[in-house]
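Common to both upcoming complexes is chain A, partnered first by chain B, then by chain C.
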Partner chain A sequence: MTEPLLALSSLTLGLRMGADLVRGLDLHVNRGEVLAVVGESGCGKSMTALAVMGLLPDGVTRKSGSVTLDGIALTSLSARRLRAIRGKRIAMIFQEPMTSLNPVLTVGEQIAEVVRQHEGVSHRAARARALEMMNRVKLPDAARRIDAFPHQLSGGQRQRVMIAAALACGPDLIIADEPTTALDVTIQAEVLRLLDELRRDHGTALMLITHDLGVVEAMADRVAVLYAGVKIEEGRVEQVLDGPRHPYTRMLMAARPDADAGRGKRLVEIAGSVPSPDAMPPGCAFAPRCPQVKPRCHDRPPAWRGTAEGHGCACVLHD
Partner chain B sequence: MPVCCMTDRAPVLQISDLVCIHGSGPEALRAVDGVTLNVLPGQTLGLVGESGCGKSTLARAVAGLMEPSSGTVRLDGRVWPVARLAERRARARQVQMVFQDPFSSLNPRLSVARIVGEPLMVHGIGDATAQGKRVADLLDRVGLTAAQGRRYPHELSGGQRQRVAIARALALDPRILVCDEPVSALDVSIQAQVLNLLSDLQKELGLAYLFISHDLSVIRYIADRIAVMYRGRIVEEGASDSVWAAPAHPYTRTLIAAIPGQTRIASTARTADALADAPAASATACRLIDRCALAQGPCAQEPALMPVGDDHSAACWFSR
Partner chain C sequence: MSTGLTTGATGARRRRGRYLLRRLGQSAIVLGIVLLLQFTLIHLAPGDIADVIAGDVQSDDPEFIIQLRRDLGLDQPLPIQFAFYVGRLLTLDLGTSHAFNMPVLTLILDRLPATLLLMFSAIALAFVAGAALGTIAAAFRGRWPDVLVTISALLFYATPVFLVGIGLILIFTVWLRWLPMSGMYVTWVQHTWWSLAVDIARHLIMPAVSLSLFFVAIYTRLMRATMLEVLSQDYVRTAWAKGLSPSRVVLRHAARNALLPMVTMLGLQVGSLLGGAVLVETVFGWPGIGRLAFEAVFRRDVPLVLGILFFSSVLVLMVNLLVDLLYTRLDPRIVLR
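Coming up: the complex of A and B.
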């Protein structure tokens, strides 16, 4: 078995002297693969992405565990050495392209900046690369748009600029945090198609963070489901979506108004809401909302049980 | 013209040739450009469209938050001019609104019970005891406890806050709720709770909904009828089942095809980003001409809504 490109091992993130937000997370992304990380707000999926990038916000810290990229322990690198990897070997695409682009720099300058930072090439060469990237992400009329400011572009075009900047140095891995959530459906479909093409043409691996199971189905090879900072299920997309094992995954799927299921059929509700990080139950985090809860679920967190085919789940029902 | 339903019930909401213009002069934007729609009592009309299509402006005009530039909004058969306070109050008893963001649409300094009771106070309905009782009923109806009624919005989750917004909208016993993206800001599991609540309330109270969303799967789930809006116009309208099963307009087909994880129907539209680059089409042409793969000679003339089947119409020369 080849070594995964990215490996997170027992990663625990939390507030300094406070509650844990992500607890003991194991995840890996293989080369050229799309791993979807799914969950609702507060499940820790965005924090996980930021931890990989070494961009955790003030006040949140890695308490234990490690992040390894291609054998390099990112979590033990100095800020300077991490900076050399970030943007070059791993790049990130954020949800809101308006707030993550600099409003006072032209989009060409922002893409070229990545190239200059990492490859030390001339302004002219960096600009040429920026133009090449803008063409690659099919930004229409790139030669003119290269001197545009972010506010002069539409949401879909801005997201293409973000993707162009992420691709500029040919990274091995792109982390995309809800890359299409702020976009209209037709634009979303185009951006997803673009990400898929880039992966196929360049073999870039993708860690796709989303709340949308439709996006998972359309894009991912494997999926990990997070709930309240814990991985509760993981497997190949067809395994998880066709045969979900954890009650939470099952309910998440049934809660979705499935367009083909017909109208007015009652949706499955998940009673209550996600526990807050400082009031986490001692047992399974989902136990207070779980319809199949057993007395022992409240005692301690369930163990992770995997199958030989790589479909795992943390639930006492599968002990 | 949309085909009116074969029923003896009078529509609770009639929108006729509604035009809403933002700004003036050459900068003026016709956000709603000649929309005609009806909603029957107890029925849900789902209005779907992308950002900037004018759906929220339409919602605001229906709820009486702005005066339309021309055309009429009739509630229960009559027009309620926005300019007069008495008319505006009377209208508020017919139509209420639920907004997308339950964080910014609730006053953070009022308790939940006070927020829900405020319409009763403003309209002077009942004394304090009666209002208190009504508030308790409303909270119960939307699945909130009396203890939650004593809390403040920031102490509640997004789904609970949206329940508060719904309880407040129900306080005056309106006949129709305008719901503008009411579940878009919520997580999937919470979204299901709110959608189920809305359908329960509809059954119990005979409420009608004008339900606005960019999400066609949500619209499909909740709506009896679907209207698809593009650049200020309704381009397709009909019974939910027939619009879904046999979308007649290329734009509707594009929207359906764009739902991720679903590849039933091939897209017939060019890339949406190309839209921004296309030269401004002539004012009389079909609004989709620069985006539609089917565009041909006749499309230089904008089509009106034409029947394409039973109770189903579309504004496309190629829809039949």
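Coming up: the complex of A and C.
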């Protein structure tokens, strides 16, 4: 087996002098594949993404574990060398296209600056590349829009600009944090399809953070389910969606509005809420909400059990 | 879908022209109100020029004073006096200063360039230094550069202008003998254009620095606060995610967005800057409007005081109009209406 492009090993993130937000996370993304990271809000998905970029917000810090890209330990790189990788080999697309673009710079400048930073090309060449990228993300009338400011574009167009900037330097990996959550439903599919198309053309891997299982089914090769900062299930999309093993994953699927089983019935909801990071139960984090809870679930966290086919799960039911 | 794109440059120019016209109209109305207030305030003070002139010529003859009042039009009711005053203003006749025995307009125009030079050097210095210091403080939040800048700003803020002036004179004139103590240029040498410019610049340093320090403090604190807010915005995170260098992120992405409140402050402070100019011009013997105002008030020279107030009001209004036009340069989202 070849080495994965991106590997997170026993990554623990937490508040400085405080609770842990992500605990002992192992994840990997292979070259050219799409890994979906799924979970409720607050489960540590976005923090994980920011940790890969080395952009954890003030107050949150990596307590242990490592992030490796193509054999390079990102977590022990100097700030300068990490900057050379950000935007060049790993690019990130954020949730809110409204606020993620700088309001006082034209969209063309915001795409071109990535190219200028990493490839040291002239102003003119960078602008030409920006125009090319804008055409590639199918922004209508790109030649004129290149000098437009973000507020002159719609939400979907802005997210296309973000995608153009992310792909401008031909990265190996794109991290997309809920890239379509803020967009109209009608545009979501269009933007995702575009992202997938361009990604395939470039052979770029994608780490897609989402809570939408429909998106996972349509786009991802593999999926990892996070709950309260812990990975509870991971496998190929068809394995996980067709045969979910963890009770939480099963309930997530039952809670989908478009789940076939649920048609005509009331939507299922998951009773209770995610425990807060400073009040984690000593055992399985999902135990307080789990319908199949056993006494031993409360004792200590369940061990990770994987199958030969790469379908793993952390639950005592599969011990 | 994209109205901002479809309206071309000509549309923008026409909109700007209309906007300018309307703003000028508004400014005229504001100016009228300001004049009325100034006029009323001055006449609320007991005594008038007739008393002063009578005192100057050491006469206590009531007949003389009544005659003087009639000649000066002071026996008319105040509204009529005001109407006459405004009428004369419209023909740029600001009256005659009895203290200097010269037309007020000539006096003011003589002194105006010196004050404008002082004010704009001071405000430019304050703006640039404040923006730079505030940016440094925000970029190094909580570390020693931030502490140093914050403490200095507090010092600048708390030190009275005249104290700064005297301190500077002590250091740079008395001890180091680097800079001239007062005036605007030396009169006893033959100047070429170049040597005159250098001489004025040397005389300008200390007054401009003293006048600006308080404003440096204000701009530093404002810039620091705004930068801290801007640095936590999503688009700054995007800029980091692109792998841009810290200087690029801070200067290109953050500082430009932080400048808008700074420019607003600039417009608001021209007025208080004029107030500060009175003190600084007095301390440094700078031949500007500030010192003229000081003398005019002490000698109860009503036409001169009113004339200076008129010019200051016009100046403040013009600067604020300029500031609003500058907004559109800084923030493309702002459209003039």
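Here is the rule we go by: the second predicted complex is superposed on the first by the 313 of 319 C-alpha atoms of A that agree within 3 Å, B and C clash if a C-alpha of one lies under 4 Å from a C-alpha of the other, contacts with A are read in each partner's own complex, and residues count from 1 in each chain.
Rule of thumb we're sticking to: a contact is a pair of C-beta atoms (placed from the backbone, for glycine too) under 8 Å apart; a residue touches a chain by one contact, two chains touch by 3 or more.
All of these numbers come straight from a predicted model, not from anything done at the bench.
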Given the alignment on chain A, is it a clash or a fit between chain B and chain C?
fit
Once the shared chain is lined up, is A:Ile85 touching chain B (first), chain C (second), both, or neither of them?
second
On the superposed three-chain arrangement, identify whether chain B or chain C touches more chain A residues.
B
Just to be sure I read the superposition right, which of the two partners does A:Ala143 touch: chain B = first, chain C = second, or both, or neither?
neither
Once both complexes are placed on the shared chain, angle at chain A toward chain B and chain C, C-alpha, multiple of 10 degrees
80
Is A:Pro103 touching the first partner chain B, the second partner chain C, both, or neither of them?
second
Could you say whether A:Thr186 touches chain B, chain C, both of them, or neither, answering first, second, both or neither?
first
Just to be sure I read the superposition right, which of the two partners does A:Ala303 touch: chain B = first, chain C = second, or both, or neither?
neither
Give one of first, second, both or neither to describe whether A:Glu40 is in contact with chain B, with chain C, with both, or with none.
first
Touching partner for A:Ser154 - first (chain B), second (chain C), both, neither
both
Mind working out whether A:Ala73 is in touch with chain B, chain C, both or neither, as first, second, both or neither?
neither
On the overlay, how many Å separate the closest CA atoms of chain B and chain C?
5
Can you list the residues of chain A that touch chain B in one structure and chain C in the other?
154
The answer for chain C against chain A in the complex is residues 1-2, 4-5, 233-235, 237-245, 248, 252-253, 256-257, 330-333
Within their complex, state which residues of chain A touch chain B.
40-41, 138-141, 154-157, 160, 184-190, 192, 211-219, 251-252, 255-260, 263-270, 273
Over in the complex, which chain B residues touch chain A? Could you list them?
50-51, 157, 159-160, 187-193, 195-196, 199, 214-218, 220-224, 240-241, 244, 254-262, 267, 269, 271-274, 276-277
With touch defined as at the start, can you tell me which chain A residues reach chain C in the complex?
53, 55, 83-88, 91-92, 94, 96, 99-105, 113-114, 117-118, 144-145, 148-149, 151-154, 162, 165
